[in-house]
Amino acid sequence: MSLLHFAIISPLILAIFIPMLHKYFHKIHTGWFLLPLPALLFFYFMSYFPETAHGESVTETLPWIPSLGIDFAARIDGLGLLFALLITGIGALVVLYSIFYLSKEKEKLNQFYVYLLLFMGAMLGVVLSDNLIVLYSFWELTSFSSFLLIGYWNHRERSRYGAQKSMLITVFGGLSMLGGILLLYLMTGTFSISEIIGMAGEITGHQFFIPALICFLLGAFTKSAQFPFHIWLPDAMEAPTPVSAYLHSATMVKAGIYLVARLTPVFAVSGLWVWLVAGIGILTLFWGSFSAVKHNDLKGILAYSTISQLGMIMSMLGVGGIALHYGNVEDGFYTVAITAAVFHLINHATFKGSLFMVVGIVDHETGTRDIRKLGGLMTLMPITFTLAAIGTFSMAGLPPFNGFLSKEMFFTGMLRAKEIGLFNFETLGILFPIVAWIASVFTFLYSMILVFKTFTGKYQPEKLEKKPHEAPVGMLIPPVILVSLVVIIGLFPNIIETLIESVMGAILPSLLAEGHEFHVHISHWHGFDSPELWMTAGVIIAGILLYRNLPRWSGIYNRMPERFSLNRFYDTGLEKTQLGAMRFTGLYMNGFIRTYLVYIFTFMIFILGTTMVYKNAFKLDTSNVANIHYFEVVLAAIIAISSITILFSKSRLTSIILLGAVGYTVSLFFVIFRAPDLALTQLVIETVSVALFLLCFYHLPKLGKNEERMGFKLGNLLVSIGVGAIVTLIALSAHSNKEFNSISEYYVENTYKKAGGENMVNVILVDFRGFDTLFEITVLGIAALGIFAMIKLRMTRGKEQG
Amino acid sequence: MKTNDLILQTVSKVILFLIVLFSLYMFFAGHYHPGGGFVGGLMTSGAIVLMLLAYDIKTVTTILPVDYKKMIAVGLLFAAGTAAGGLLFGVPFLTHAFTYVDLPLLGKTSLHTAVLFDTGVYLVVIGVTMTIIQTIGESE
Amino acid sequence: MTETEIIKMFVGIFILLGAFLSLVAAFGLIRLPDVYTRNHAASKSATLGVMLTLLGTLIYFYFIENHFNSRLLLGIAFIFMTSPVAGHLISRAAYNSGVKLWGKSVVDDLGRDRKKMNHRKS
Amino acid sequence: MFEMVIYVSIFCFSLSMLGLIYRVIKGPTMPDRVVALDAIGINLVAVVALGSIALRTSEFLDIILLIGILAFIGTVAFSKYLEKGVIMESDRDGNY
Amino acid sequence: MEILMAFLIGILFMSATYLMLSKSLLRIIVGTGLLSHGAHLLILTMGGLKRGAAPLLGQHAEAYADPLPQALILTAIVISFGVTAFFLVLAYRAYQELGTDNMDRMRGKEGNE
Amino acid sequence: MNSLIILPILIPLLTGIILIFFSKNIPVQKLISVISSLLMVLSALYLAVAVYQDGIQTMNLSNWEAPFGITLVSDMLSALLVLTTSVIALACLLYSFRSIGKERESFFYYPVFFFLVLGINGAFTTGDIFNLFVFFEVMLMASYVLLVLGGTKIQLRETIKYILVNVISSALFVIAVAYLYSVVGTLNMAHISERISQIGQPGIVTVIAVFFLLVFGIKGAIFPLYFWLPGSYYAPPAPVMAMFGALLTKVGVYSITRTYTLFFYHDTGYTHGLLEILSIFTIIVGVIGAIAYSDVKKIIIYNVIVAVGVILFGVATLTEESLAGSVFYLIHDMIIKAALFLLIGIIVKITGTSSIKKMGGLIHQYPGLAWTFFIAALALAGIPPLSGFAGKVLIVRSGLESGNYWGAGIVLLSSLFVLFSVMKIFINVFWGSPRAYRQQEPVPAKWLLAAPAVLTAFAVLYGLGTEALYPIISLAAETLSNPEIYINAVLKE
């Protein structure tokens, strides 16, 4: 176990001690115990930067299930490192923030921090695992820890709902990813990502290639809340705000992005991949930004904004994947999209993280997040306002913040998408820049709503629960740090160029010759002739126009029928599934044992009959049969007549007597077929049985009061005849297929010699197969005990459950 | 209406003896002739049932103060013990041993551990039958 | 006629007689009017019939197959002892459970005695 | 000839048993049925005896006594039940 | 003979099935009784009904009936006796507690909501 | 010859017998049962080690050579199952001590409990098809008694249905054995396998194979023969329910596995194809049932059916890998089902209801219970690194490999619905606002929790220690996929 492994699971280990720490140091806010860990980890991972910066990677392996090819292989390369830094860095800030956000008196901090640590460890595991199965394990752990975090305030109905929803959707994606992993394994014979990437060229033609691709994308899309799986994310906002800031801006939702980036070298050669990733991404971008505008809840706006931003990153990754086709690095014509994706990933984490924290502050100080109640907070909370303004402007893509830079690069990427000469991009590719532009307008719009509706306008203290004032310093430090990053990166983007280069090296390894590196240069100014500039300008103008006239056109949101919304689809789908399942189950599980027996017998007749016919198994061989004596016929007739007469008998006594008659006749059969032991036993047993029948059934009502309807009777009759016929047919064929001599010849020979007896049946019973007899009497013993207990033990009411 | 069962009771005493004798014969003959512990046990319990019919449960329990449930256990213990005995001698479970001896009057007879096993069966069967019958009888 | 055949003949006669008696008993059971008369027919004729048959069987096995079967003898003794008791019990049960005598019956001794007893008691 | 006699006898017994079965089903009272059942049991004894002769084996003769015993116990139980409504009395002196 | 027996067993199974599908508990238990009779006869038949002496070596016969199926049947008879006895008492108790012997009234929909 | 092999059968038998003598002295009963359960676990463990080291262990009972007497055979699969059974039995026993109540205890609860274990262990160990039937009957008889013990209305009613179905399946079992005996003339399983491969499975043997599938399918609750199960398992108290849910259906599954790998492997296109279709349908109906109800017992009961389908899907695929997956999953499922049934037993005891709509907020008062349930639920759904994962991966992977994409997909997707159904319990029972429950008596929740918590811990270790178990389980799978090994061990000694 290397230090790297230890670093990955250290949050999980710490999680074990949290409840103890909480218990014994309850005066100190539990968060303080946590804070050092992500900070330390951040610096620990930073120490890997010099190595990964030049396209190298560090791999440490710890065997878990080597027999199945599953090793806990931890691998740090540029991509993994970037994510690890985001997780630990933002993690540290979020923990700090949460210390001030969550009251140590009211909240169950032990649980909260355990979940948070679980989540942190899981995320580190996802981004640093080289083994797909291990990755999947951590992937599911993120789903469950986020389930617990979302359901943290579980006395709220909405929390429970959101938790369930996010879990269902992300676990669905996870399972589908598992399917993809297994398919990949079948193609390559390994679970190791680096080995699979090495084999990327060999598997493209494989029949599993496309299914695996789709499976993986389902996993990535559900996790990253891509259309139409985005619906869980808004409901996940029920979690405490630090959680939202952490999970839904910086980390968990990015896991899908990570997966797509990670697997780009494997799958991006396929046109389907490019279309799906880019197409779904751009669709999500549009839909997210469009939907964000209609929301009144600040966190709701941010949720949809997150969705849309994720779509944006996704679409860039998709378009950038094309580069694998052309394979020329030098001009960076398509790789710019990848650059933009990575760059925006970082930017998004910074500004969205800070925005969530700001919203948290507003919520914390005013008691509401509804923009209809808020307004005019600028003067009361100046620092918060400044932070919010910078964050939103960056998100809207305004200079000089980092969001502007990545937005420009995004436009570049989208414009180049239409130049692609492959996979029908020449015709439909034009849609990409158009949709991107429209979506950007809406992005601008909701950004403005977010900041101005909250901080400017009329102050309405009567609608607020608390009297707002500026947040405590501890709560401000984390967003301040993030916002300063926004500004610094915006002004000096070249400080992270190396980082981006290393990440690109990890995403597009095949494009690099040995020892080469990507060269990224991010600049503010592309010149007046660049279309990106005009697009940005257009966004701003259109956005301002729309913002001004918001009340006039926002009616279109109400036009959209609620019935067709995806949320409604999910809700009714779930409800209908349960209801349908219940109806369906109730349909056949009706509690009537007769029905169940009819199913069982019908199936028996059907399947045995089919097998008989299909396998041509029926055979009748009369050479081996014994001849018939007339009294045997008489006995057979007695049995047949008696048993059929029982069917029509109306009195219980008659049925019992007839059953006895059958039994006694059977014992006569035993006499005829030379089985004296059997005859003796059957005789006695039959007598005792009949006596028991009479004893027990004296108290029962008479038969024949409410017998079955005619239809039932006919059905029963058919089933019965079927059963009888099948049993007879198989008996005939089985008898005609005697292929071997029975082993009983051995008994005839050895009963006297070796077992010292003359009655073979008895010797078999007590000696050869005495084991059977031992347990046969055990059965009898149990039955007797049961009968005794059944009659004597009558439990009092209310103690029925054990 | 109370009736005396004098005739029945008198005959029962004789018959009882006859049935028990017969059942013991059945039991011991099992290895050579039809019969064995099972039928023997059933016949013995038949005798006890006859007693129950002729007298009453209380009288019979005073004559035969047996807890039939324990009798089942004893019988099972007998059978299982005989079976497990072999393990002590390093032979498989349930291995039987027998030898032939010449007894006066009866001639060459085998002494067989299977008889011990069968005794277990015999006891269990009596126990089971009587438990069932007595329990039902008492619940009437 | 050898010894065997004579024995066989005797056995045959016993058995046939037994079978005949049993038929008679069955006929009686079907035709007789009430349970008491039927019981009478059954216990008398059937017992005798079966006993004869068993006796025949005993003789057969003893002389022809050279096999003396003690259980058979026991069986004969058993039936000899139990059959009347069984008949008695049934009749009494029938009487006590209130089964009517045949309409044309002449004597009802038990009824008469019971009446007397009840009379004396009260 | 001898075999013929045996078979004829078996036939007779079977016939009488059929008649008895008729009585069992017909009734009309419970004691009637019991009487008939008792007779069936006894006749069964005879059938087994004859069967043993027919099969020339003495191994079934045990069954004779067995049937006798069972038939007797059965009849006793039945008649007690008819008479007293219970088969086994828990305590005869204490009015069961 | 085996063929005749096969048909006889078929009839037994048919009647048993029919009875087990009815509503009355008594008929159902009678059905299980028939079912086990059918099964036992089937074992016997499947062992072959060739005429031989009863499987007792004292008979000193040329051929014996197959003893193994007989032993199996014996075990099966005893077991089915135990089960039948238990079932009967259960039915009796169920009637005492539930007041019905009609299977339709014993549906039971606990937990179905 | 190894006398160890008999111990897991002999110990419960003797214990059961001895406990009858102490029916009125409950403390002694408890003492004896704990001691002998521990002995049973130890002997089973020792047996498993012996099998692992020295190969298949056999014992020819009564010292008759193989096909003529009864042979007990313990291969890796049965040794593992016996071990698991013993452990679960111990857990259920400990749980019973504080939950089952004086009344049941003095009416032979413990003896019958041990007889049940005896039947199960015997069924796993025997190498004789008719003896298997006898052990089935021991097990069933004991289960009838445990099911009805207490005599409440629902118990009586459901026991009737349960017995009826099982009587039918027993009768079918007997006639299936009879048919098989008619064709091959022997009862020893290794000998049957040998003889069937000599004649190359003619049509009639295939019919008999299907017949066996029916017989064991009724016991193992496969589609469309499982209808009796939800009602019957609903009735008894929790530890009994746990024994049933964890072990009884598994005996059916084991028997299918045994017969379909040892006897009927010559016409796999038909028999195993059929099994595959049925197993997939089993999963589907199980899943539908599991999401349909809002009753804790029903949900877990339907999950039993799902698991049966998953295991049998692996068996039907019939590669060494898929069999290993099935064995993995089988043992996982036994452990985790026992844990879950015991857990919901505690829930029902606390709340006095089994409808999740009437519960809520238990996590505040019983956090330990909540987290144990949570982990157990995840393990049930096969979430790595918990116990269900390795088996599921192997089953799905081999399913995909052999070209059964739909089946593999359904197995995979079933996890989601399984998870949904158990998380429904978690969300509704443990989350939310606490409610007041009417409790007749204080619930010894800590004591009761011990057994399922330990089982859940086993499940976690089982998942984490997959590598350590892998050689053992692949040995089991190897024996299953090569009948020769089994035959040689039994017959060629």
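When the chains are written out, they are named A, B, C, D, E and F in that same order, and each has its own residue count from 1.
Keep this in mind: a contact is a pair of C-beta atoms (placed from the backbone, for glycine too) under 8 Å apart; a residue touches a chain by one contact, two chains touch by 3 or more.
Quantities reported herein were computed from a predicted structural model and do not represent experimental measurements.
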Shortest chain-hopping distance from chain A out to chain E: 1
Any chain that touches chain E and chain C: B, D
Graph distance between chain D and chain F, where chains that touch are linked: 2
Most widely separated chain from chain C, with each centre as the mean of CA atoms: A
Central subunit by CA centre of mass proxy: F
Rounded Å distance, chain A centre to chain B centre (Cα mean): 64
Length of the line joining the C-alpha centres of chain B and chain C, rounded to whole Å: 31
Chain C-chain D separation of Cα centroids, rounded to whole Å: 11
For chain A paired with chain C, centre-to-centre distance based on mean C-alpha positions, whole Å: 82
For chain F, residues that touch 2 or more chains besides their own: 13, 20, 61-62, 130, 134, 137, 141, 144-145, 148, 151, 154, 160-161, 164, 168, 175, 178-179, 181-182, 187, 231, 293
Residues of chain A touching at least two other chains: 582, 586, 589, 591, 593, 597, 674, 676-677, 679-681, 684-685, 688, 692, 695-696, 727, 731, 734-735, 738, 742-743, 747, 757-759, 765, 767-773, 776-780, 782-788, 790-792
Sites on chain E at which at least two other chains make contact: 20, 25, 38, 40, 42, 45-48, 53-54, 56, 58, 68, 74-75, 78-79, 82-83, 85-86, 89-91, 93, 103, 106, 108, 112
Interchain contacts (touch definition) - all pairs: A-B, A-D, A-E, A-F, B-C, B-D, B-E, B-F, C-D, D-E, E-F
Chain F-facing residues of chain B, complex: 69-70, 72-73, 76-77, 80, 84, 86-87, 90-96
Residue ranges of chain E in contact with chain B within the complex: 54, 56, 58, 74, 78, 82, 85, 89
Residue ranges of chain A touching chain E (in the complex, touch as defined): 582, 586, 589-594, 597-598, 601, 620, 622, 624-628, 632-633, 636, 639-640, 643-644, 646-647, 652, 655-656, 659, 662-663, 666, 669-670, 673-678, 681-682, 685, 688-689, 692-693, 695-697, 699-701, 703, 706-708, 716-717, 719-721, 723-725, 727-728, 731-732, 734-735, 738, 742-744, 747-748, 751-752, 757-761, 764-765, 768-769, 772-773, 776-777, 779-780, 782-784, 786-787, 790-791
Sites on chain D touched by chain C in the complex: 1-2, 5-6, 8-10, 12-13, 15-20, 22-23, 29-32, 34-36, 38-39, 42-43, 45-46, 49-50, 52-53, 56, 58, 61-62, 64-65, 68-69, 71-72, 75-76, 78-80, 82-83
Interfacial residue positions of chain B with respect to chain D in the complex: 3, 8, 15, 19, 22, 26, 33-35, 39, 43, 46, 49-50, 52-59, 133-134, 137-138, 140
